[in-house]
Structure formats: C-alpha cells, structure tokens
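Each of the two complexes below includes chain A, the first together with chain B, the second together with chain C.
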Partner chain A sequence: MEETLTAPAAPAPSKEPARSGRTESEKALRKKRRVAITRPWTLLAPSLVVLAGLLLWPLIQVGKLSLQSYEVKFGGGVGTWTGFDNYRALLSQDEFWKYVVANTVFFAVACVVLTIVLGTLVALLLNRLGTVWRLICGSAIMAAWAMPAVTGTQVWVWIFAPEDGIAPKLAGSLGLIDPATTNWFTERLPFYAIATLNVVHHGFPFVAITVLAGLVTIPKELYEAGMIDGANAWQRFWKITVPAIRPVFMVVGILSTIWDFKVFTQIFMMPGADSQEEMLNIGTYSYLKAFAADDYGTGAASAVILTLILLIITLVYIRTLFKQGEEDL
Partner chain B sequence: MNRSTRASRIGLPVAVIALLAFTLFPVYWMVSTGLDPRANSRGADLLPSGLTFEHFSYAFKEGNFDQYLWNSLLVGLGTILVSGLLALLAAVAVARFKFRFRTSMLVMVLIVQMVPMEALVIPLFLQMRDYGLLNSLLGLTIVYIGVSLPFGIWTLRGFVATVPKEVEEAAYVDGCGWGQMFWRVLLPLVAPGLVATSVFAFITAWNEFVFAYTFMKDGEKYTAAVGIFQFAGQNTTAWGPIMAASTLVTLPVLIFFIIIQRRLASGLAAGAVKG
Partner chain C sequence: MRKIVIGAVAVAMTMGLAACGSDDDGKDKGGDALDGKGKTLKVWIMEGTNPDAKPFFKELNAAFEKKTGAKVKVEYQQWATAQKKFTTAIEGGADQVPDVAEVGTTWVPQFAKTGALVDVTGDVKKAGLDSDLVEGLKDAGTLDGKQYGMPWYAGVRSIVYRKDIFEKHHLKAPTTWKELRDTAIALKKAEPGMTAFPVAGGAEMFTAPFVWGNGGQLAVEEGGKWKSAINSPEAVEGLKFYTDLALKDKVSPVKATTWLETDVAAEFTKGKVAMTIGGNWTPKALMAEAPELEGKLAAAPIPGKDGGLAKSFLGGSYLSTFNGHNKELAWEYVKLATTGEFATKWAEQTNYFPGTNSGVQAMADKKDPLVEPFAKQMIEGGATVPKSPAYGEIQATKVIVKMVQSILKGDMSVQEAADKAAEEMDAAFAKSE
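== the complex of A and B ==
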C-alpha cells in the first residue's frame, strides 16, 4: 500500500537551484502525506453517511423507541419515556416465553442442524461425482438456492394447502389423514415442520457449496493412509474430513444460526401466521405488535432483543474469522 | 472393498435422483401449476392437465403484474446504480489504503450486515413517514441502498485486492494521476466484480419483502414480491395465477444463479451470500 502512494512522486525539478528544490520536494511530500490520510476518508465518506443514516441511526431510534410508549397521532407520533417497562412487560408475559421464544429457538436449532447435515451430505455426494453429473447436480442446487423466499414460500404453502395440495392428497390416498378435515397450518408442529422444510431447502445449497470448496482442499493421501490403517468411511469422515475443514464448519454453522434466528418472510407469508398466537416467532411478533397492534414500544423492545442475540453471535463469528486468519482484516 | 463399491454403484444414482427430486420439485411444481388450465384441482397429478398461458395473462391483466414488475425493475436499477458506486469507492479505500480505524471500519461493515430487517423496519417506517417517503419508489430505493451497501463493500473489497499493485504503479509511471488511474486502470479491472456485486444487490432488492410490504400501501406501487402476496390474500384458492406470478419473479433470479454457479463455488466461504 505504501508503494502505491509513493509511486506518483513528482520528480524534483532539476533546473531550480538546489535549496528551493528541496523545499519544493518537501512541500510535495507533505501534500502527498496529506492526500494519503484524507483520500481513504474521502472515498469512504459517502458510504459512511449512508450507513449511518440508514442503519446506525434507525438502530438508535429503535433502542429509544423500546424505552418509550409511542402513540400514533395525526401527522406524527409522540413518545413518552417509560424506562424498561416494555421489556419488563414483555419478559413477564407467559405467551412470550411459551410461544415466541420457544418457536424461535427450536425452529432455529432444527433448521441449523438439518441444513448442515443435509448440506454436508450433498457436498460429500458432489465430491464423488464426475464432472458432468457434478455440473447437473450443481445447477439443481443453484435452482433451490435461487428461489426467492417469497415465491418459495408460496410454492410450499401450495404443496401443503389443505384439501387441494399434493401433500395432503398423497397422505389422504395412503390413508394417513382425512384431507377434508386436516389443515396443517392450524397446528404448531406441522406449521413449523413446513417452515423448516422451506428454510432448509433454501439454505442447504450454501452449506453444500462451501463445504465442497473445503473438501477439495483435503489431500487424497490422508484418505489413502486412513484406508491402509483400516478406517471405514464413517471413521474417515470423523477422523480426517471433519478436523481438516473444521473452520469451514464453524463459519457455515455460525452464519446459518444468524440467518435462521431472524427468519421472517417465510413465516409471515404462511396462512394463519398473523392470526394465530401460537405460531409467532420473534420476528413476526415484533412486526405484528408494531404494525398491527400499534404497540411500537413492545415491537421495538422485542426487535432489540433479537438484535442483541444476533450481535453476540456475530461477534463470535468475527472472532472466528480473525482466529482463522483467512480474512486479512 | 467389494461391498462398498457395490453399495456405491447403487447408492450414488439413488442419492443423485433423490437430490435432483428434492431440489427441483418446488420449481417444477410452481411452473407446471402456472401452466395448468385446471391448476386448483390437479391434486397429486404430477403432469399438468394441459398447457395454457391463461394464468399468466390473468396475472398481467387482472393482477396488474406488469406494473409490479416494472416497479421492481426501477427500484432494483436505482439501488445498484447508487450502491455500486458507493461500494466501489469504499472498497478501494479499505483494500488499497492503510489508515487508522481501517479494521474497525471492516468489523463495523460485517456487523451491520447482520442487523435483522425486523429491527430496522419499525424506525425506518416512522422516519420515512415523517419525510413523506412512504408509498414512494424513491423511499424504497433509498432503504435498499443502505441494506445492500455492506455486502457490496465486503465483496468488492476482495475484487479490488486481487488487482496487482504493479498495474497501478505502471499507470503512475506513465504519468497518470490517481483519478486517471482509477477510471482508466482500476475500474476496468474490477468491472467483473462490480457487475457480480450489482447483480446481487439487484436480487436483494428484487426479492425483498418486509420493507416493500410495509411501505407500499397503494396498489399502484407494489413491487412484484409484494404483488404475489396480495394476490394470495385476495383469493386464497387461485393457485394458477399465484404460481404464474411466482414464476415471473423467480425466473430472472434462477437464470442468473445458474450462469454464475461456477464462479460462486470459489471463495464463498468468506462472504455471506443468501437471499
């Protein structure tokens, strides 16, 4: 980086007397140093303004709002400071723990575990395929990944739609359920099972492709040595593959945790998500409190709780990146 | 040895078929329902009962979907124009200069990338309401610029770092100033990265739901992602048009992902790419 900045040095004018030449070059040097200090900040300034105005300032506002009782008035709102009342009310609420917290945590754990297991299995599979089949399977995985959350959710809802969907039709013809009376969107477990399927289907391609990128870096000799020692496939996976690409699993696991904690669209778009209390997760709870119940204070408080949880996980993630030294920060 | 090869001879094709079925079924079910003249009553029939474009034309005529797609396009283009330029400048700063707080800047970019939309939507809604920017494509574009910027800076920084410094130095030796070097040398070299980052920013805006749903209460201003949901709300059982509209939203994203799949495979572990 230093060389870049010293490179455009203006050569000292040779015709000038020696003395003034030195002051000239001193001046040029000073100017160059000033540029070296100010230029990165000039380049960063527009982005910093945007990030401060659209991400940092709103975060401060949501923190402020969570400590207020906010009333919507004509042509603007009025906030009254209430200290930690919103948090106290929220955390002492039975429904908040029984539904919101339980749904969010169990859903996130299920999604992360299933995403990583499936993603790893698919990566191992891709690693064994020839070029052509790897390309075909890779394209299919891309299709699952590319599906926007909005349209993907609509498709899963259609697949499981009461009476008409293919899943209840098939289950009905096998005699498992009575399609006319079964609605999977009104019970908590099937509701979240469908949401999990949706999120895992959308999330495992990232894991598969990242783990595959790690797998190809493991030297073949390690596996040959393992086979000579009589290790079976299961042992080779746990004793060779996992330790070799542990950092990849760390990153993939943390990122999936962050993403699966804040799932919103996939839940919110499901039928009954906004009218059934027991289906709420922390994202939909916060949103519906603020925009459907006009209780901005409580909505903001639960949004702050979610943000703090994600912040802690993010800090763990950044520490992992630093430790790995992969990111030349 | 023998046992494992036989197992893999049967196991591999089975696994490949299962994988293809699981990944592609939703896409297939979406497109085929969109084309099925009797979409709602197809039940468990794997093949559509016929092929028709009536659901697509219904989405355009009755559903106002051409307007929604146009809105999404405008918002997406506005987003990538501004956020692409800002991200490029910032990426050059963090990749090419050493300065105080540089690491803190990068950590901050990583952190703000993780902030959940649900936490931002409440304050930004109130802010935009005060500025009278609700129900406006401009207000939505401004929000998307902020949302897509951290990822843009993070990715472009990698692309800028791969341009050898010697190329820049050669430009200086040839008498270029910094500005000339930037436009004539650096910009063409990071152009592929800029395109990739911009497409991702475009997809972010194209797919985004929470802000568009909250800000746009006027039917004329819906983006395509919200347009589908409105559709579903009005008429819960009209799966043909819903799947046709979903196909229209999905296809551009799908095509792009398949084109870039090889590039994606390399160097993804560091970035955070997800819809």
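== the complex of A and C ==
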C-alpha cells in the first residue's frame, strides 16, 4: 500500500532537474526512496526487536520443542527430532479429547457468554446511573477486576471449601446437599462451575467498562426515534444498541475468548486440579506434561494446538467483523 | 523487499539472542581450593525449613570465610518452584548452577542423571564420614554406587495424636492396624466434632506407610530395572485398609479427599483432628501456631499390620555440590555445614534430624517424648521411595495421589486404581531407561 502511494509521488520533484541536472535529481530521488523504505522500519525497529525477543523467539522455540523429544542435560538439553510423533500421540489419546479438550471448550464458551452477558447488563446499568452512583458502582466493579487471580481463587476456594465453606453450609441449610458427604472439588461439573464463577467475576468488569465506553457514544436521538416508533426496551437494545456498537462486542468477544481458552491460574490453584484427570484443561495439561512429567515435547505440542485454535477463532471473528463493516457501507 | 527485511531482522534477532546464552566464559577456573580469597560461593537453600535461617547462615558463612577466605552468597528458594528453577539452571550449565545447593532427596536421581551433580563418594570416604551416615538417607542419594552430596537433615512421619483426648476416653496409641481402626472408630464416637483420623487424599506420604506396613512396595528393582509393585496383593490390601477407614468406617470426612498435608495441619491447629500421620517437625510447628496445644500432643511410630513398625518415608535434604567452577571450595562448605556443630545447630533450629547416626542418637538420648518416637521410626523404620530418575516424575504427576483420590471418590475399585497407577509408573520407568 505505502509503496504504491510513494511511487507516484516520487516523480513530482523531477520538475526541477531542468536546472540542477539529471544526475542530481536522480540522486535525490534515490535518497528519497531509500528514506521512504528505511524510515518506517527504523521507527518500527525498537518495537519489532522487543516483539521478536519476547514473542517470536519463544514461539519458534515452542514450535521446535513440539517436534522433538527433549531431555534436560547439564549445560544445555538435547532435543531429538521426532517429526509429528508428539502430535500424533496427543491427538490419539482418549483423555486428551474426553477431558482436556472438552473441559477447555465448554468452560471457555460458558465463560465468554456469561462474561459478555453480565458485563453488558452491568454496562447498561452504569449507563443509566447518575454520576455519584456510577462512581460508586464503577469502583466496586474495579475492585473485582483489580484483584489478582491468585487471591481471587483463594477466596472462591475458601467459599466453596467442602463442609466448612459458606456455600456448602448454605446449600446444606436449604436442604440441597448434605455438606458432610459433598466435596465439590471432586466432581467435574461443580468444579468447573466454581471456576466459571471465578473467571466471570474476574472478567466481567473489563467487558462492562468497554461496553459502557461504547454506549455513551450512541446518540440519544436514535433511542428517541425508536421510542416514537413504539419500540420497547428489548427492541431498542437489539435494533439500536447492538448494531451501533457491534465492533465493541467483537473486540470484547475476541479478547474474552483468548483469555478464557488459556485459563491456568484459576484452575491450577483449585484443590485436586493437578491430581484428577477429569479436571484438566489445556493450560494445566500442557504445564503438567512439560514440567511435572518432563515431557516437554507433548507439553509444547498441546500449547501449539491451543495457539492454533485461538488463531482460527480470531480469524473467524475478524473476518465477520470486516464483512459486516463492508455490508454497512 | 519487505519480506527480506523482515526475514533479516528475525534472523538477526534470533542469532543475537542465541548468542546471549553462551557468553561469559568461566572465570575462577581451577585454583587452590582452600585459598578462596576473592571468590564467592553461590548457595541455594530452601525457604521454610528453618523459621529464620539468616542468623544460622551468617554464622556458618563467617566460619567458612575465616577458614578459606571465600565469601558466600545464600539465595533462598521456594519448594514449590525450586525444581523448575534447578532445571533451568542445569540447562544453563556451569555458569548458572549454584556451587552448593540444598537438594531434596527425591530430586537427587533426577539431577544426577543430567550430569549436574558432583560424585563425592571418594571425598566422603577420605573425610571418614561414610560410616556414620544414616543408612536410609545415604542410600537415597546414592546411585550406582556413587554418592551425590552429603545428607544434611532428615525427617520422618509417625503418628501424632491428642494426648488429652486419648486420656479422656482411656485410649492408647495403636500398635497394630486393628487397634488403629478401633481407636479411630472409638474417637469418632466419642468426639463427633473432630476428625478421628484423616485419610488426606492429597498427601502421598500418608499412603505409603500402609503399603509398606503390609510388606508391599511402591516399585521394585530387578536386574537394574524398576517395575511398579503398587498393584501387588500386599500393597492393594494395605491401600484397601487405608481407604476403607474413610469409605467404610467414615473416620475421615469426605472433605479430606482433596486435603493436602497443610490442610490437615490447619485443621489440627483448630483442634479438629484427634489423630493423624505427622512429621517429626509438626508437633512444634502446630504448637507454634496454636499455643493452647502445648502439653496436649503425643507421638507414636506407625504400626505395621500385625505389630512392629510400618516403614515410613525418610525424607530429607542433601547438600550437594554442582559441577560449577568452585567444586573443591564447595565441598569444603558442604563438609562444614553437614557435620559437627553446624549440623546439630541446624537440626535443633529446624526440628529435623541430622543426617548422621551419632547425631540422631544424640537427639533420641534427650528422651523428649515428642522426639523419641520419631527417632525410633527413623532408625528402625525409615524407607525411601524408588531411586529411579523416573520417580521424581511419578511424584510430580501425582500418580499415588491420583490413585487414592479416585478410590475415595468411588470412581474405581482399589485394584483398578492400583492397576492404573502401576501402568503409569511403568510407563515412566520405561521412558527414563
């Protein structure tokens, strides 16, 4: 794009050569071209260096590792190339599909949907509040957001601690469960329900704030027009609000999806997360494979698969975003 | 053109980064070991064993500097992340490993296999230390006849119980499995608000004595190869007894399925546990946390099925020297720390046992009722986990914990769970060979 822009611009100074000679104008032209090429790269260089060091290099290493059988050795490990063996072994494994993939996908979908729904509802609420209450509610929400994942998880684990936690006691007094014989951390659905609560609680403030930022840009007149046309609140939300800030939802959706697919801390810190196969998700699985089982190849392979899944999802999102953009035009 | 530039930048970047790892060739190579002037030893010590390790190391390092002229820099490591940190340093080679480090006994085979640890068998003999080392502990750090470091301190688990509760209900410390079960059932009846005997699903070392106490093994070595034995009839019987305490006799609550040892300790300090497996370091730690328990605790060795002692895991730490640039100086430091005055001092401050027989005996001779049963367990009934580099991996992947939890959850029968664990162990053994 840039080149096509600069190319027609280049002949412009060639009006002058009549006076200053052909060679000089060529020199100036060349210099200009050189600057046009090098300047953006010079400006980009620092960030490219940082990105390459922090992202590209590890990415290449993980890719390399996933094709190797790696052994830790004093003074530098030894990797033996094994082709796609790690991937083959991983994908033909029952537990990988039954537990790891299933948990990751269902958990991520549940978290993304709930985070966005809750975040949007809170944003709508904040949008209707006056300055004082918006400030108070906003700060309360920020507190949930600011809490480190480790601390948050500790609190949720404490709330749901079998027999002694607040939640089992409450459920027991309502006659729903027998707290003495229920340990939610040993059952898959409750385990992930607790994790979902934790992640949604930690993630919805971001959605709420971002959506709120979108909401305040929607002109009031649109709603007034809608009301005159007799649209109820439900219709106004779907026909005015959603189309008006669709890109915001897209961004929030992409980011939430990426985050919720690779949740690690909130799962790993729960009791029994590393000793019960049915609780593994792709994050904990790849960590345990690499660092507990010393199987760096398989750990890396599952990390690569996670990256690919996220890449595909992001591509689909972005495509739909652009398509809608074109349609709107 | 653009692509070429991107490519060039990427290549330059990667080469630059790759080069970073290998600059800084060794300084301080060779030299007279005992003349350590101008040298600094890097020492890694685990955090938490000694409530306040700093005064100890200040004294030790001063003594070492006086002796050799070398300075010492102690860096404290966390148990939870240390293994990863060691692995990274080992990958980095001589420039990155510490000169001396505290290494958990179960890590020794794994680290030794990479070639990072120094074989000190000859040095130990030369120093006349080999005959006094606690056998089980010496064994834990010896592979193919090579000893990788000096045993520094060790601990063992026995039974810790509430003396006051036992006296109130006229109960005695159990000496057989039947007595253990009867006592637990009696406690459950007499003290419904307390956990009689927690079957903590997340505590691997609570399980092992019940395998060993019935003559079973976790794994056996045959002709230099390890093979799992966790699904042998003896082991399964022991596991069944242990898990039935929770499943049939209900002397342990369902919440204990996901408990770790730290959770048991937390419940104990709340006064809600009557009897448990506990380490020799626990009584003092419990009393420090809950002073009202002072005088109310007692200990007893873990009984075997029909009497005698069940073996219990003899765990501890080695001080090992790494293949860094100051090997000889490092060995001097290890010797100073693991023998004589400093070894005793460390044991006293940490409530652990020193790694020498004479040291353990000296502690047993003090006739402290909270020390003596543990000393007996250590000398007569200490056992180590299989000494294969694969066992570190088996522990890290929670094979035993997984097995016990799936039994407690009712997902599998004891035999099924043990068979699965055996399969996983064998896979790990096979991989490491």
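For this structure, a couple of remarks:
We adopt the following convention: the second predicted complex is superposed on the first by the 254 of 329 C-alpha atoms of A that agree within 3 Å, B and C clash if a C-alpha of one lies under 4 Å from a C-alpha of the other, contacts with A are read in each partner's own complex, and residues count from 1 in each chain.
Assume a residue touches a chain if its C-beta (ideal position, glycine included) is under 8 Å from a C-beta of that chain, and two chains touch if they have at least 3 such contacts.
Since this is a predicted model, take the numbers as computed values, not measurements.
In the overlay built on the shared chain, the residue A:Pro271 is in contact with chain B and with chain C.
By the touch criterion defined above, A:Gly53 lies against chain B and chain C together after alignment on the C-alpha atoms of chain A.
In the superposed pair of complexes, A:Ile209 makes contact with chain B only, with no contact to chain C. In the superposed model, more residues of chain A are touched by B than by the other of chain B and chain C.
By the touch criterion stated above, A:Leu29 is placed in contact with neither chain B nor chain C. By the touch criterion stated above, A:Leu65 is placed in contact with chain B alone, chain C being left untouched. By the touch criterion stated above, A:Ala225 is placed in contact with neither chain B nor chain C. After overlaying the two complexes on the shared chain, residue contacts for A:Asp164 are found with chain B and with chain C alike. Within the superposed three-chain model, A:Gly77 lies in touch with chain B and with chain C [touch as defined at top]. Looking at the shared chain after the overlay, A:Phe185 reaches chain C, while chain B stays out of its contact range. Where the contact sets of chain A with chain B and with chain C meet, they give residues 37, 41, 48, 53, 56-57, 76-77, 161, 164, 271, 291. Put simply, chain A touches chain C in their complex at residues 37, 41, 45, 48-49, 52-53, 56-57, 60, 72-77, 161-164, 180-183, 185-186, 271-272, 274-277, 288, 291-294.
On the chain A side of its complex with chain B, the touching residues are 1-5, 7-8, 35-37, 39-41, 43-44, 46-48, 50-51, 53-59, 61-62, 65, 76-77, 122, 125, 128-129, 133, 136-152, 154-159, 161, 164, 166, 169-170, 173, 201-203, 205-206, 209-210, 212-214, 233, 248, 251-252, 255, 258-259, 262, 264-265, 268-269, 271, 282-283, 286-287, 290-291, 296, 299-300, 303-304, 306-307, 310-311, 313-315, 317-318, 321, 326-329. Across the complex, chain B meets chain A through its residues 4, 8, 12, 15-16, 19-20, 22-24, 26-27, 29-30, 33, 40-44, 86-87, 89-90, 92-94, 96-99, 102-103, 105-112, 114-127, 129-130, 142-143, 145-147, 149-150, 153, 161, 165, 168-169, 172-173, 176-178, 203, 206-207, 209-210, 214, 225, 228-229, 232, 236-237, 239, 242-243, 246-247, 249-250, 253-254, 256-258, 261, 264-270, 272-275. Per the touch definition, chain C reaches chain A in the complex via residues 1, 5, 9-10, 13-14, 17, 83-84, 87, 90-94, 97, 114-116, 201-202, 253-255, 257-260, 323, 393, 396-398, 401-402, 405-406, 408-409, 428.
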